[in-house]
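Next up is a structure, given as structure tokens.
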Amino acid sequence: MSMTGVLRPGHIQIRVLDMGEALEHYVGAIGLRETDRDDQGRVYLKAWDEYDAFSIVLRETDEAGMDFVSYKVDCVETLDRLEKDVQAFGLETQRIPAGDLNRCGERVRFVIPTGHNFELFAEKEVLGRTGISDTNPEAWPADASGMKVRRFDHCLLYGDDIEGVEKLLTEVLGFQLTEQALAEDNETQIAVFYSCSNKAHDIAFVRHPEKNKFHHASFLLETWEDILRAADIMSMKEIDIDIGPTRHGITAGRTIYFFDPSGNRNEVFCEVSNWYPDYPVKSWTGDQIGKAIFYHDRALNERFLSVVT
Amino acid sequence: MSMTGVLRPGHIQIRVLDMGEALEHYVGAIGLRETDRDDQGRVYLKAWDEYDAFSIVLRETDEAGMDFVSYKVDCVETLDRLEKDVQAFGLETQRIPAGDLNRCGERVRFVIPTGHNFELFAEKEVLGRTGISDTNPEAWPADASGMKVRRFDHCLLYGDDIEGVEKLLTEVLGFQLTEQALAEDNETQIAVFYSCSNKAHDIAFVRHPEKNKFHHASFLLETWEDILRAADIMSMKEIDIDIGPTRHGITAGRTIYFFDPSGNRNEVFCEVSNWYPDYPVKSWTGDQIGKAIFYHDRALNERFLSVVT
Amino acid sequence: MSMTGVLRPGHIQIRVLDMGEALEHYVGAIGLRETDRDDQGRVYLKAWDEYDAFSIVLRETDEAGMDFVSYKVDCVETLDRLEKDVQAFGLETQRIPAGDLNRCGERVRFVIPTGHNFELFAEKEVLGRTGISDTNPEAWPADASGMKVRRFDHCLLYGDDIEGVEKLLTEVLGFQLTEQALAEDNETQIAVFYSCSNKAHDIAFVRHPEKNKFHHASFLLETWEDILRAADIMSMKEIDIDIGPTRHGITAGRTIYFFDPSGNRNEVFCEVSNWYPDYPVKSWTGDQIGKAIFYHDRALNERFLSVVT
Amino acid sequence: MSMTGVLRPGHIQIRVLDMGEALEHYVGAIGLRETDRDDQGRVYLKAWDEYDAFSIVLRETDEAGMDFVSYKVDCVETLDRLEKDVQAFGLETQRIPAGDLNRCGERVRFVIPTGHNFELFAEKEVLGRTGISDTNPEAWPADASGMKVRRFDHCLLYGDDIEGVEKLLTEVLGFQLTEQALAEDNETQIAVFYSCSNKAHDIAFVRHPEKNKFHHASFLLETWEDILRAADIMSMKEIDIDIGPTRHGITAGRTIYFFDPSGNRNEVFCEVSNWYPDYPVKSWTGDQIGKAIFYHDRALNERFLSVVT
């Protein structure tokens, strides 16, 4: 089998200040569907083009941010093997029992060098695509609503030990560096993008003095028309837009950054899949950092580097 | 590393009746770029978003069709291993020396159960994307021309032993069945689509009484607007359209089938990448075969089943 | 005032065989909104971007087709003046009293040389755009449904006396010929398109041996993406597509022809407005009639010339 | 004839600081075509979808801005009549002889209450659409380049006597107010948009303490994809973007504002034509001025009100 090991972002648990407002945002505006709740009050959501039972978990508390992000691996044997490899790399791991998250199997959790909780898991109940059968599937679900995002695609995390994360991701977990933005010295990595698949990125990091900061969770749309429609919905629903519609230089994706009611940044974006393991890493030089992030404005907005949760 | 083994379609050698007319079509209209010629008179072409030296090889002769299709594997060790596995599967293999195709390493060739020449290779000279640097890459090349296709994406082959091909692809070469259209008995496979990656398909077959027939080579575009623009170019350049612009039910891709001057069918299409190894196979029942292939017309045109080269 | 006289297509009354099925089609699929019914059982519909109370009237009877099409003029004085001009042209006119159609003022009806009932009116109740205020208007209505057509845009009628219609439209009613397709003699007009505005066409005719035949009523969409979405909806709702998505040569519009459950042809299309009174007429020669009508296929399908109601 | 009087923006003369740089911008980037030069050194440009000989005139001098904007009327008799009407309104008029601008007939010039030079003319040589015949016209010109703008569409002017302009445009010249943004008192007009056609606007004004200021000249594109492509070209060619890609609330157009090398603002935009004389004026209240101008950001950027030439 060609794709083995870590397959994709499986889910992310996001902290929100008010569950009602959060659901109005993630369900009512973004168009995720609620699939479950648990006795801790957590709400489980999925996008219409996802098969697994959930990809977003919302937890109400008094500080916004990300609790953890979890990647799905291809089987239980891989989970066991990677757990040992992570331990051999020098990190402590924790087994979270099946059922801690509804419909999800055992998870292996560890704190990566940037301070974030990172998890692997192999099993999650399959609910199938929302509103579309596997037999004679229609092109899209007639009852999709809001921005109609297709999947939780990746997250961007801020933290200090970028070099440590690269070592872990590439030497232990099978990710590859696909694209990077460099500091003015043209050596130090400022922003790094990793793929565990054909995708241009499955996770990304930006160098930042604090550990364990969350920049955004990103949702896939299909076209630039979808991006416009999403921006229009943000105006109609008075959602705070950070920047966009615009294009990223990195990945050439088309994008909007915006904020949930708790201040967590979201992204909707579209791009053509374009990574293979034998492709060269793309690099943006220090003098082009603005264009690397925001291809049209060719300058960072002040929020990009400072506003994280 | 997550992606291993067979990575992607590397190149296809297509027979054309007149090289001048063929280049007017593949370069002038489709927008491939000539990168090389050899002393046999073969012409090597690549699409702008490809890194390797070529993906299409044209050979002038007096009968149209496909000579062979070749898939790139991740390394020489994989090539050696898969050669043995194919032999163990019961097929004879042939080593084609490096340099037989310009800038390409050794290839392992074998005839698959449907009668087609299928090859694996591990090494090809990298030229980089056409008109775009790996450092501070622009979003697209300013000098792209014609339909501006991004890559050779897959091919669809017609042949008899569909079951034999499935066994070879899935048990030996690491492909997975992603989607299928069934006959009226809802058991016999009529059309089968296989992925060796995240893509919805890297190769496809249709059951057909003759061996070794070629249905089409497909090129990736990015958007439905690009599809329209390609159709317009076909009208302006008097290229024969088979069907489209339309959508496929299978993969939900948007598409045009058209013919090169030698009668070989081409496709331009766009779709969102959507395959993972843990996804269910999608199936189209026998009564929906028309919608499976042509989602809007909901009927096959007579050419789809009969015109092959 | 620059625009005077006849302003635009105001409404069309279409005969349907079953009102329930018709509403499932025109409301449920096309996305028109019901605004009224009358004691004859007629149902009044409008598109979201229209201000007037209705643009489509459906009447249930046992033969499909068009009862009449009505154009709005700028004021009552113009209505009176044009009534006299039409009489002077040699046609009998009939005054239909206000209220014959709900919320609509007096109409002047006459039979044009191709045998169709053609009407003028000056007054209709304004309901405003559906779901959008005139104060701080949103970009589009959040509750639009189905294909989300923006307006009834034009109709295409089949009949014999094309020359008589041209005389009436251009010499009396202030329309202009904008584009035409010619017969093989390159003189006889086969298809003629007229504008009373900036639009590429407000009404069109095709030469046909029978009088008073209806080819299609057309609804405006905004983009080629909308056209695709409409085609997808047609597949999901099992609406019979005549042809498309494709492009017309004439007007360069992008289009789908499809049928309502009674066999009346509809069109959804998009195009950029591009007519001024000082523009030259565009002509398609007899050898290019296929491309004139269907720009991509470059051939008429048999239904285009034969299936009318 | 339905459209009479003032038909459309005919041309605008823009002052540039360096003709070479200006041509690199207007021809090389925006995609206008040079059609003429005169002995004053002025350069004449047209867009591909325009029939008349030019729509943009560039004049090199040492201060950027607009010399004049000229509207085409339907015939010489209208020109004579409107000249008298403008005089009766109380403005002095000046006849500029035919040939003062190459290939252009007599122009009637007057200074409107906001201090801008405004002209009317009836005759200009017709060159036809660029690269497209009136016989069997292709959908678009294969040799279009740069942003491929379709036409000079309108201009936005800044000045003080907004009320005087409204009186002139609506009572004398046959324009209609289509949409307006109001001050915080919800009475005073801040931004006003006028149509002389079916278009959402043919000219616009913003209230400003200085007379005779130029905000932007706008060029039509067809789709939101075209807008993205234009923004990408701006990045590749290092053109300074003011704002966008985004949407206007007013007209719901999709837009980019950007600057020519002399500091004159340009716009590329797309929208669906949607004005008729019987439509209500749309109004934006004082608390929604940001959304009226920039629908997504919902706030004015500081440049919108302050940077004019």
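Worth a mention:
Note that the chains are named A, B, C and D in the order they appear, and that numbering of residues resets to 1 at the start of each chain.
Keep in mind that, in the parts below, a residue touches a chain if its C-beta (ideal position, glycine included) is under 8 Å from a C-beta of that chain, and two chains touch if they have at least 3 such contacts.
Because the structure is predicted, anything quoted here is derived from the model rather than measured.
The interface holding more C-beta pairs in contact, when A-D is weighed against A-C, is A-D. Work out the mean CA point of chain A and of chain B, and you get 31 Å between them.
Chain D has its Cα centroid 44 Å from the Cα centroid of chain A. If you average the Cα atoms of chain A and of chain C, the two centres end up 48 Å apart. Annotation for chain B: residues 139-140, 223-225, 232, 235, 247, 291, 295 touch two or more other chains. Chain contacts in this assembly form a complete graph, since each chain touches every other chain. Contacts from chain D toward chain B in the complex involve residues 138-140, 142, 223, 225, 232-233, 235-236.
By the touch criterion given at the top, residues 224-225, 228, 231-232, 234-235, 241, 244-247, 254, 291, 295-298 of chain D touch chain A in their complex.
In the complex of the two chains, the chain C residues touching chain D come out as 1-8, 49, 51, 72, 74, 126, 128, 134-137, 139-140, 150, 174-176, 196-199, 220, 222-224, 247, 249, 252, 272-274, 276-285, 288, 291-292, 295.
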